[in-house]
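What follows is a pair of complexes built around chain A, which joins chain B in one and chain C in the other.
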Partner chain A sequence: MGTSLERGIQGFIEQVDRPTASFFESCVRCGMCAHACLFYTETGDPKYTPIYKLEPLRRVWEREYTLFGRIKKWLGLSKPVTEAELKEWEPLVYDSCTLCGRCSLMCPVGNDIVYMVRRAREGMVAAGVAPDGLKQAATRAVKIGSPMGVQLPALKTQIAKAEKETGLAIPFDKEGAEYLMVLSSAEIIEFSEIIPAAARIFHAAGVSWTFSSDAFEATNSGIQIGSSDIATELVSRIVRAAERLKVKYVISPECGHAYTALRWEGPNLIGRPYPFKVIHIVELLDELRAAGRLKTEGMEDEKLTFHDPCQLVRRGGVVEPPRNVLKMVASNFVEMEDPGTLNWCCGGGGGVSSNERADELRLKVFSRKKTQLDQLGVRTLVTACSNCRDMLEDGLEHHRMDIKVVGLTEMVAEHLKQ
Partner chain B sequence: MTGVELLNWARGPGLQIALVVFIVGVAIRFIEMWLLGKSPDFAEARGSAAAGGWRTLFTRSLPMPGALKRAPLVFLGGYVFHIGFFITFLFYAPHILFLRAVTGFSWPALPAYLIDVIGLVSIAALVAVLVHRLTDPVRRFLSRTGDYVAWAATFLPLLTGYFAYHRLVTDYTTMLALHVLSFELLLVLIPLTKLMHTFTFAVSRWYNGAIAGRKGVKV
Partner chain C sequence: MHEPETLGDVLAKRGVSRRGFLKYCATLASLMALPPSVAAQMADKLTRATRQSVIYLSFQECTGCLESLSRTHSPTLEGLLFDLISLDYQETLLAAAGHAAEEARANAMRANSGKFVLMVDGAIPLKDGGVYSTIAGRTNIEILKEAVPHAAAVIAVGTCSSFGGLPHANPNPTGAVSVGTLMEKGLIERKPLINVSGCPPIPVVISGVVAHFLTLGTLPELDGYGRPKVFFGDTIHDRCYRRPFYDQGKFAKTFDDEGARNGWCLYELGCKGPTTYNACATAKWNGGVSFPIESGHGCLGCSEPDFWDAGSFYAPLPAPRAPLSAAAGAAIAVGVAAGAAVGLAGLYKRKKAQQAHTKLTVDDLETEKKP
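This part shows the complex of A and B:
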């Protein structure tokens, strides 16, 4: 038995808690979770049934934490999980699960399946069994500060550009600002329109905000690969910067997993509550709207729809704010089938976007989103997650669909009242 | 052993053994689950975990929107045999007499002819879910021996009950003894198989709803 396997099994053992045990106890193998998962609905392959992805964790739970499992182990009637099995399960746990959590809505006995996939990944990482692309992203995030290798000078260049474009000074390391803004790497490189958009909106609404040169990267590869150690290190950088600058809020950017990492997992990773609040940028826009501080003019009149990022709605609880904000600037907003908490994933969440090996499968299962969009016949798709946006653009191009993807914050900025 | 002897054993020592295994087994499973504990959640709550937990405990009895269309047989078969099983178990007059002897409680019975029909419908539903489990790619792929054992343990009390009521296959006394024994087998197998979900579904639904409820999500 190799030591990495032992570490993996130990990782699984440590991850089993009371909810996990209750979920495994309750599973009747009815297979309903398959019908909630786009990897099954779009391929028809039973191996993508969500609960099956947890088989190694389930076996460890049974052997270690149930009386009958221990008796079977003692009598030699059950086989331990092997390294070959972990490798066999790696594509199931990583390539074909975006941590979207739709299966957790379907299960008749109420199993929160994605809660367990997140935990199973801790054991996989401990055994060193994870996709190379994701391992590299996590390593870059720890060493360089960004999974895409983006460093401070790149952000500074974009900020200088935004300052020139807007004529506004963008605050940096301003102690005592009310809000600390963090970004995802994709927003610094690909979707940098967010920076001037945020600057214009915050200026118009009178929001006191700042960037930090110590912590500007919000994405968290640790959460995606399933390493609490890495996730804690990445979250701590933001926590330290927020505490140093004495901000009241940290703004989670248009990035789903960044929100989950900062808002829901972060305090548990560092083991204490934050002295500040975490707010998603779309939640902030909605608050400004409700307070009458966000004033827009003109409307997008063409038919458009909104893609709900899974981590924002089903795993995050931000369902109405994007709709409230979108309705300010769009006169012909239509919902997709299965909107809000029922949404279907773009296919690239949960680290799948960093895992090149999964590209082919991801583009195949994009057929779910294609079906949803074909039903509406829209030419514009709005979202509030830069990773979703990237994945949607990739999927639309692959399926030769002529649909433009727009970030919600930028759309609002274009309609700011002058 | 004659039918009468078998029935006497089933009603006496058999029942006692089955009840002890059932109660101790279920208790062990709950204790080993409870001892695992759960870490505190330091993230600021948006909604109430308890409200979410209680909500999901009940709402999860209804299918998620769209699910009925995607897997009608799993849902319909599941509803019919669960509801049918509990009606025949709880509202057949002789069962109420038995339950009063064990628990001290009793309640009004449903007419025997109605129980007869419901029992038959439940048998048909169980046969349908078994055929589905054997033929549908997902169900077949996921199934292990335990799933078929649990199926048989649920099926046999209904089948033997139906045979006894209609005086089929063998004499009434022997069939009644087999019926009681099949019920005892079911009791013993609850803590040993996935039939444990009879109790733990409440815990898992509660946790799912509570985890989401804290975040302000209704699941």
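This part shows the complex of A and C:
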């Protein structure tokens, strides 16, 4: 069937739900969301004002759903949204929004702006107006099984390596295990240290867990490109695998949007509650800590800080768990300015880092993170999201900053009590 | 009479640092919504100002206002500033008594004629020739008639002098009226009048008004009741920290129910916050410690005219207060109908769009270069 402008506009009409309509109605145009968004603060360009990124959706809402909009449409006084306008807005909706949700938090009238950006992307993708990088990633995710084209043999190789390194057997397709572990592609290719780290921690804490050969990819390009249809297809794979293995929990890996996709969007996408729970690996570590099952020794003594992944703190409210865990192994942990729910995004989330066209912009706006880090003068930066980690490493290199980025899970694994 | 000592001299003597004083001025400036640059000007002007002569007349009142202003329990900068105006006559605080006291008033009026600020505390009785309140054998109205023509401005301190207050309450046996009413009736000369209402008013409101007069030489902008807008611009309700509970419909029903313990809105217990304009919720009382609602009791509406006669303090405010006119009722009905129609049409439109939805697959996504 392909994509078309008509399909896109129809998509917008479909996406205007009651919250969206009331958000548009209650926007007072104060512009506070601009100051919440690093794409505005770092460029000073008013087109990056979050609510402005929603202009096509807002116009469709006004034309189709409001009394005056309908009268204007009927009298021929308002123009329909054109394909050229959608193309003009494409960089605003995709390149300059990481779905970080800081604008939603700042909005004085409580408009969930990021919720609307997510919805606007539904219409954009139906109109075929989405970045090639994201289209390709989504296609690979559906057809190959991973946005980066990673397949099962690659994971098996990494697992074999981890088994050799740790001397532990890593369970695969074990029915009745308590936890199902899924990963992000980046953790299979670039940050594979997570696999032996998780194996050692779970072994030490006596956690019954398994990988699945049917579903090992947790990321969800459907969420990033903004297609619920594609997102449903991807999340269903994990749900099916979890149900087949009869696990009680699915562990979301160190990946922000994978957590949002699994934990928050998933049940709405498939239209029913899960028979299992979704828990972020950092939440699990904190639970193990609280239960006295996670025992560590030694401390990192150098000054370090923690970068809060947006999806974890703002969408998920997971603020304390990473800190509790980090404090077990770091004696000189300092907070960045605006920590926790107000943390600034790395600049690469929400599909921005899969979109080559946005490369220059995301590296430019990394200056916000640079400012935060410069104030602290740390040499080590801990985080709990492989996408943040990728972006942080890019940004640090681009800005010639000598700071090492470490995943929280690996840091804990290094201090496990022998 | 005092030596013409400047405020700066006195502050220095009392060990108030310039920094402390600047901070105080900044607070006053921001409270009165003046630009930040005014704070320094204000400090400068105030430091160099000779003390403003003030004559403070007390009529039918309870001295609560003076208690609030002098706040002897903890000398604050407001207290200091209050000391530092040249309070030439205030019978409660005056050391002299009898003829000597009356002479002091006459002297101050003569010496500062046209320059002094007249502060009036308490309502003025008019019935039976005003015999219900006299000082040194003269009625309040007589004293006021004599003083007002020489004053630069009149500040009515407290609800009694602003609106009549308790003495004015039904059935008003003494025929008490406010200073404003006397001016309106032509019984005393018209002068710039500022009503600082409240039973009693908040100390910082008084010092703010006095500081405004000393620095800018004018009275601040007033609302329809002659009250300074900067302090009486918002209702208690608009600035109340319990407002979110009102918005969520969470109300305490008694003073000892779960809602009361959870700090929910006191509207149903008769809180007059929604109709009362004052700064209690922001400036607070006792040096910013608390205000009635924060202590668990609704607002009585003490800074509003006729608050004693507005029904029980514990009866909830009727909403809306005035009966709807037929036209307004019809307009509401039309609005509701139109809103419902548009809403239903919207729901139908969205449902249709959802039904027309065809599943998007990755095969629909055309890219410029195939993956």
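By definition in this document, the second predicted complex is superposed on the first by the 415 of 418 C-alpha atoms of A that agree within 3 Å, B and C clash if a C-alpha of one lies under 4 Å from a C-alpha of the other, contacts with A are read in each partner's own complex, and residues count from 1 in each chain.
Everything below uses one rule, namely that contacts are C-beta pairs under 8 Å (C-beta built on N, C-alpha and C of every residue); 3 or more make two chains touch, one makes a residue touch a chain.
Just so it is clear, the structure is predicted and the values come from calculations on it, not from any experiment.
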Side-by-side fit of chain B and chain C on chain A, or clash: clash
Which of chain B and chain C A:400 touches, first, second, both or neither: neither
Contacts of A:105 with chain B and chain C, given as first, second, both or neither: first
Contacts of A:21 with chain B and chain C, given as first, second, both or neither: both
First (chain B), second (chain C), both or neither touched by A:143: second
Contacts of A:417 with chain B and chain C, given as first, second, both or neither: neither
Contacts of A:64 with chain B and chain C, given as first, second, both or neither: second
Touched partner set for A:115, first chain B, second chain C, both or neither: first
Touch count on chain A, higher of chain B and chain C: B
Partner chain(s) touched by A:263 [first = chain B, second = chain C, both, neither]: first
Touched partner set for A:126, first chain B, second chain C, both or neither: second
Superposition clash, chain C against chain B - the stretch among 153-161, 333-341 or 351-359 that is involved: 333-341
On chain A, the residue positions that both chain B and chain C contact, one per complex: 16-17, 21, 65-67
Chain C residues within the chain A interface of the complex: 338-339, 342, 345-346, 349-350, 353-354, 356-362, 364-369, 371
Complex contacts: residues of chain A adjacent to chain B: 16-23, 25-32, 34-36, 40-41, 44, 46-47, 49, 51-52, 65-68, 104-112, 115, 263-268, 270-274, 277, 313-317, 319, 338, 341-342
In the complex, chain A residues that touch chain C: 1-3, 7, 10, 13-14, 16-17, 21, 64-67, 70, 125-126, 128, 130, 132, 135-136, 138-140, 142-143, 227, 229-230
Complex interface listing, chain B residues touching chain A: 28-29, 32-34, 36-44, 46-47, 56-57, 60-61, 63-67, 70-71, 74-75, 78, 136-144, 147, 150, 192, 194, 196-197, 200-201, 203-209, 211-212, 215-219
